[in-house]
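Order of writing sets the chain letters: A, B, C, D and E. Residues in each chain are counted from 1.
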Amino acid sequence: MAEPFLIGEAMTGGYGGADILHGCTIAVEKGQIAVIVGPNGAGKSTAMKAVFGMLQLRSGQVKLAGEDITALSPQDRVAKGMGFVPQTQNIFTSMTVEENLEMGAFIRRDDFKDTLAQVYDLFPILKQKRLQPAGELSGGQRQQVAVGRALMTQPSVLMLDEPTAGVSPIVMDELFDRIIEVARTGISILMVEQNARQALNIADKGYVLVQGANRFTDTGAALMADPEVRRSFLGG
Amino acid sequence: MNRTTILFVVLALLYAGTGFLFSWNLALSILLMGLLSSIMALGVNIQWGYAGLFNTGIMGFTALGGLAVVLVSAQPVVAGWNAGGPGILTGLLLGAASIALAVFVWNRMAAGRARMLTTMAILVLGFVVFRAVIDPSVMAVESNDPATFGNLGGLGLPSLLAWPVGGLLAAAAAWAIGKTALGLRSDYLAIATLGIAEIIVAVMRNEDWLARGVKNVDELPRPWPVPYEVFLQKDPGFLDWVTRWGFDPVTASTIIVKLCYVVLFTLVLLAIIWLSERALHSPWGRMMRAIRDNEVAANAMGKNVTKRHLQIFILGSAVVGIAGAMMTSMEGQLVPGTYNPLRFTFLIWVMVIVGGSGNNWGSVLGGLLIGWLWLIVESLGPGMMGLLTSGLADGWFKAHLVEAAPHMRLLTLGVILLLVLRFSPRGLLPGK
Amino acid sequence: MIVVEDLHRHFGGFHAVDGASLTIGTGSITGLIGPNGAGKTTLFNVIAGRLPPTSGRVIMDGEDITGLPPHELFAKGLLRTFQIAHEFGSMTVRENLMMVPARQKGETLWNAWFNRNAVAAEEKALADKADEVLEFLTISHLADQKASQISGGQKKLLELGRTMMVDAKIVFLDEVGAGVNRTLLNTIGDAIVRLNKERGYTFCVIEHDMDFIARLCDPVICMAEGKVLAQGTVDEVKNDERVIEAYLGTGLKNKVKEEAAHG
Amino acid sequence: MDFLNALIAFLNFVFVPGLAYGAQLALGALGVTLIYGILRFSNFAHGDTMAFGTMVTIYATWGFQAMGITFGVLPTALLGLPFGIAATALLVLATDWLIYKFYRKKKAVPTILVMVSLGVMFVMNGIVRLFIGVDEQNFADGGRFLISAGDFKAMTGLAEGLAIRSTQAITVVVAVVVVAWLFWFLQKTRTGKSMRAFSDNEDLALLSGINPDRVVQVTWIIAAALATIAGVLYGLDKSFKAFTYFQLLLPIFAAAIVGGLGNPLGAIAGGFVIAFSEVTVTYAWKKVLTYVVPESMAPDNLIQLMSTDYKLAVSFAILILVLLFMPTGLFKGKSV
Amino acid sequence: EDVKLGVLIGFTGPIESLTPNMLASSKMAVDEVNASKLFLDGSTLTVVEADSTCTDSAAATSAAERLVTTDGVAGIVGGDCSGVTGAVLQNVARPNGIAMISPSATSPALSTAEDDGLFFRTAPSDAREGEVMAGILMEKGLKSVALTYTNTDYGKGLAEAFATSYTALGGTITINAAHEDGKADYSAEVGALAAAGGDILVVAGYLDQGGKGIIQGSLDSGAFDKFVLPGGMVGDSLPAAIGPGLNGSFGQIAGSDSAGAATFEAKAKELGFDGTSAYSPESYDAAALFALAMQAAKSSKSADYAGKILEVANAPGEKIYPGELAKGLQLILDGQDVDFEGATAVELIGPGESAGRYREIEIKDGKIETIGFR
């Protein structure tokens, strides 16, 4: 098989002090869903940031569609079709919901009305609140804005850091459904999840990160089936 | 050697260099201003570095400290007192009483129109009564020999006593300000305090009965134990001593006086540092840092944020007030016109930030360094310009530049400030 | 323990809490669920004194505590965590915990200046206590790390840890589980039960993870659009039509997959 | 009773000057509020940026005048304005590249940037004085009055005159237009929105593909234009003097803050609050009242709430009062 | 020997536009002295500049400290503003025993300041100008005036002195309003002054500062059309800036009918600076007095020559005018008395300050014309 669509390979690095990542590799194939799970502080978010170029890597490389993009700035990666929802501070609090979504489509020059309508379909509450500053939303609503913003980009690969943290079950189900749909259109999805069982359910591939290194890597279903993984990382 | 020591050694060399290249008198007088600035910077650091309060009313507290010196140590003006002293006091008490009453009513009544109206009515009425009582007395006092007096004068007490009183006066003002304005955040608090400082200085400039307003009070007594040069120069014992050591009596006397001040100021500075360092490295300091980091969380964790803010605002302002009093009693005169925000607020802020906010030694370093710069560029500026233009042919352009040399004072300061911040963007001694 | 009577909180024209009345029984672990934007956090904020109510009353042990500031409520034993972590970023994790207890000797300036020995002794005790809590949360290794430099989930743990530093009467937990590893969340659940049983803490827990709610809580209250929608045992609430419609959903499409996966 | 005269006296001494001064402050405050809104710091160098822009405009104006080019009844300086704006834009862009950029990359806290801008202020201050010196420069030409007090009296036969200077009128018009434009620009255009996004959350803006350098550049260019326009209009109305421009900083900041930092509408509201509180509270109402009340009741003292000595104090007192009730200004400004 | 003379004035700050002319004036005197080659057995006199900032007394004190202790000046021309002058006098001049001659500090308070006989000034105390101005107004039959003053010790002192004399003579002051210099806008002041009314507006300010702003505002709004201009307001730049509106306004400035003033102005023009600028003549005289007094004492030590300052400034003796310093130095060398008149008809009285002769002026066709003296 050819190289995965997006791969962060043998990444080692951290925030300036001691290394957080130790030769960690994560990848996702075209149109597939890859899920990263692991204990708190394992380095999941760090790995995501590294793939997005928000962190200086000491070694390892990031490749997108075969091209080495290790040296590119996050902005340039956006231009290359990568989208990212960080775990925290993932909305523009002083801007309205609609403006947040528009900002998601910032690099798009085409008409994004349709996408906007789709996002509103997916998260009806956002439509209601579209003229309200996003900072006044509830925690779960903010999370919906953040995901909606990333969807607006229409990226070729979408990276989500705990997109379902704090959203209600009904919305979470919707969200996962939507993520499957998105993947079916050929967009690759790389996501970190603590609602790991639901996530692995829909995942083509799963990574378990522990202390900045890959502990288990397998298909989503296989990881779900692994009792060791279930007990130690998925809450039994 | 650690960074702190190195920087302080460098600083010492700067002052020593000034002593050798210019004169020791100049070095010492700059050091005095530096020490005073350091104390003010400490006061600001307590507020900003510890609690994140953006106070730009430093000028006002400095001025209040200065006012304390007049009120404490100037000789009373008996004729002025007789003319209107009691009237003014009554007026002030009435004014204070009506404010107190208004606050009382505001707190007691239920929110709504009625409360608004009652409070307003009390304030307006209070203002009218206040003016009616105080105006004639003020007139009477101010027309008492306006060219030399026109004020009530002070209590004629020792000047040293004015220092703590200056602190108290500033603290009292800080209390009142804090009670009203501390709900504001960042730049909004900044402009409010800036405004209050302007108001304080405006009162001091315009209320002649208080401290002669812009007409200034001079010849305030010196604090114990600082002698007067003129007396030293006439004191046979001193002259004897001087000749024995082969000094020039004038130089020796001026230097001794300055050294006296240096000792006094250093003592105060060290005491304040000691207290604030101890406080910072204690649970109290931890609580303050928590409040600075996240007020909401600190409040939810049971810390009374409002009260703590008020406390630290008062403490910091009192420190500034003390420094203000020290400055006025050293200069021997109160000149309200000199209080401008650039010198007494923003320059102090520059000191705090360049020194490294949140670090007491940083504030001292910043105070001594920027204080030195501020005063030395006056001497360096023209020299620098001379150097810069030495390659130029004589003529209109060179003449123009040389003439502009004094304006290089601010330019030089600006360049150096930018350089320092460039190479240590979090200040020379960053706080933790 | 806590009685909320017809509480309203409006933001402009929007009624975030719109006439909620509920009771949190002493010694209970009450679950609070509801769709995003139902007003759960706002309700917490009003109870905990962070926001003044537009109208209505909050009563704690028979005493009207409506509108008291947070620090006074803290003194009465009412603690809360934040949905969006509120750490003290420039302080170490340990310091984040040590600052919590109220009325520390060293918090008065006089003692800080002139009574160092007493303060030092107290500090020692606090540090030990903090280390114990960190141990429990499995983040001892972070004790000396700046709180701004820990992971999102670790911040959540720290939030929880703070409530463990003092003897609380009632603790309001706002989505401690979001972003926390499920295995660890189970441990946290155990701890909550233990605190409840052994020390008699009352808990009110907002959580979207129904497994967690089901394991811990009785009763469960479901809010929607600022009102109480349903109330009862977990099973009652879980099977309430309105709750399913507004909150739980049928989870149909996924459920199908899950079942398929498990054969 | 003579309401007309009372009204004219009021208009002439309170309303018109207050309006014009308010507009002047508002124009200055716009620049401050923009920098604060997008780049998130209080730019102390703004007053001196205004001075610099005005200086270049003055040189350009003198050039035009020397060439015999004028702008009819309008001041020639308006022709020089584009030059001033261009030069100032270059200056602030250079400053940003040389100085501010470093701190932005470092993600320095706003206070550091404030202190840096103080340093920039000192330097600009020196540069301006180096070039044009410390003296006052008058560069206004064209028609001075839209209507002068004397003409007005002659025209209407009233005892009171009403004077409106052309610069006052220009200032008010320009201020309103600029505020409306800026508001539209920030709220409705793509670039404007990207600027707001950048100011809100820099990292996320990056993730949305917004080019931070461009945002910063556009911000500075607009700020430079605003500063120059404000400075030139002020200079036309009063006169140019380096020191006064520095002194303007305080009321400008007051205006920006009381209006609510980051909001263009706030800047204009703030400008008027400051200007009118200065003018009205210290106004002696004697004259107006004398016209209105019967002769027997004519006041014999000045009916002045506060003497003019306290005008600054009064405007600050009002500012504080406003902030007590609206802690982030009239238009819910930002705070960092 | 090279004798140094400090010039301590506000090169930066609110009066920065006056100081270049003041400095040039002092230098003019010094150059004259040096050109004569008669000064103290061939000594030369050099000017050392220092910035008083006018308002920051700490800065002024340290600048003076540098002048005295580093440069070793023999005397100080300055300071300029009364506030900093007082500070320098008390904190530097007295302790070091250095004489000061201020060309511009006019606060009445300085008359009584403790000075160990070291402080002199070539500008008269404001108390005197107030009297003179009141007299002029009364003679013109103007019985009711509005008064505005710059809120400094100068403005306030002058306003008080004037108000006292004027009311004593039966005049009415409708309003006595301060204004701050260097402010952005004076509408409030103009509004209040206009509302109070009066036959004429007395502007006790500075011509390139608030005073000018107030006049401009008053003319524009039609509040007043005539103004009384005391010393701080008299200078060519004012009619130039205001234009024909100022015609008919009048005032007075320290000066005398001596030929001195005119000579000085002409010489200044030759050298390319404005000799009519406020306090320029006084600056010339201050520097010249130092030279003459040192010559008379045959010493550049303050302790020696300070006592001679009054001697050379006052009668008896041959009158010395600007441009005649060489003659003066020669006369002193020859052991004769001189009576330095200088540009302002110097006559030091009492504690060593200018007696205060005033030149009455009126603005006619955009020019300042002298119409008399008193």
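A few notes on this one:
FYI, a contact is a pair of C-beta atoms (placed from the backbone, for glycine too) under 8 Å apart; a residue touches a chain by one contact, two chains touch by 3 or more.
All of these numbers come straight from a predicted model, not from anything done at the bench.
The minimal number of chain-to-chain contact steps leading from chain C to chain D is 2.
Chain D and chain E, compared by their mean Cα positions, are separated by 36 Å.
Centres computed as Cα averages put chain A at a distance of 54 Å from chain B. As a whole-number value, the distance joining the C-alpha centres of chain A and chain C reads 27 Å. Chain B and chain C have CA centres that are 46 Å apart.
Those residues of chain D in touch with two or more other chains are numbered 134, 307, 309, 312.
With touch defined as above, residues shared between interfaces to two or more other chains in chain B number as follows: 205-206, 407, 410. Annotation, chain-chain contacts: A-C, A-D, B-C, B-D, B-E, D-E (touch as defined at the top).
Remark: chain D residues 9, 12-14, 17-18, 21, 24-25, 134-136, 138, 145, 148-150, 153, 161, 163, 165, 234, 238-239, 241, 243-244, 247-248, 251, 275, 278-279, 282-288, 302, 304, 307-309, 311-312 touch chain E in the complex. The part of chain A that touches chain D in the complex is made up of residues 52, 54, 73-75, 78-79, 83-84, 86, 89-95, 99, 102-104, 106-107, 149, 153. The residues of chain A lying in touch with chain C in their complex are 15, 38-42, 44-46, 87-88, 125, 129, 136-141, 143-144, 162, 165-174, 176-177, 194-198, 201-202, 221, 224, 231-236. Taken in their complex, chain D has these residues touching chain A: 190, 193-194, 196-197, 199-201, 203-212, 334.
Looking at the complex, you find that chain C touches chain A at residues 11, 33-38, 40-42, 83-84, 139, 142, 149-154, 156-157, 175, 178-186, 208-211, 246-249, 251-254, 257-258, 261.
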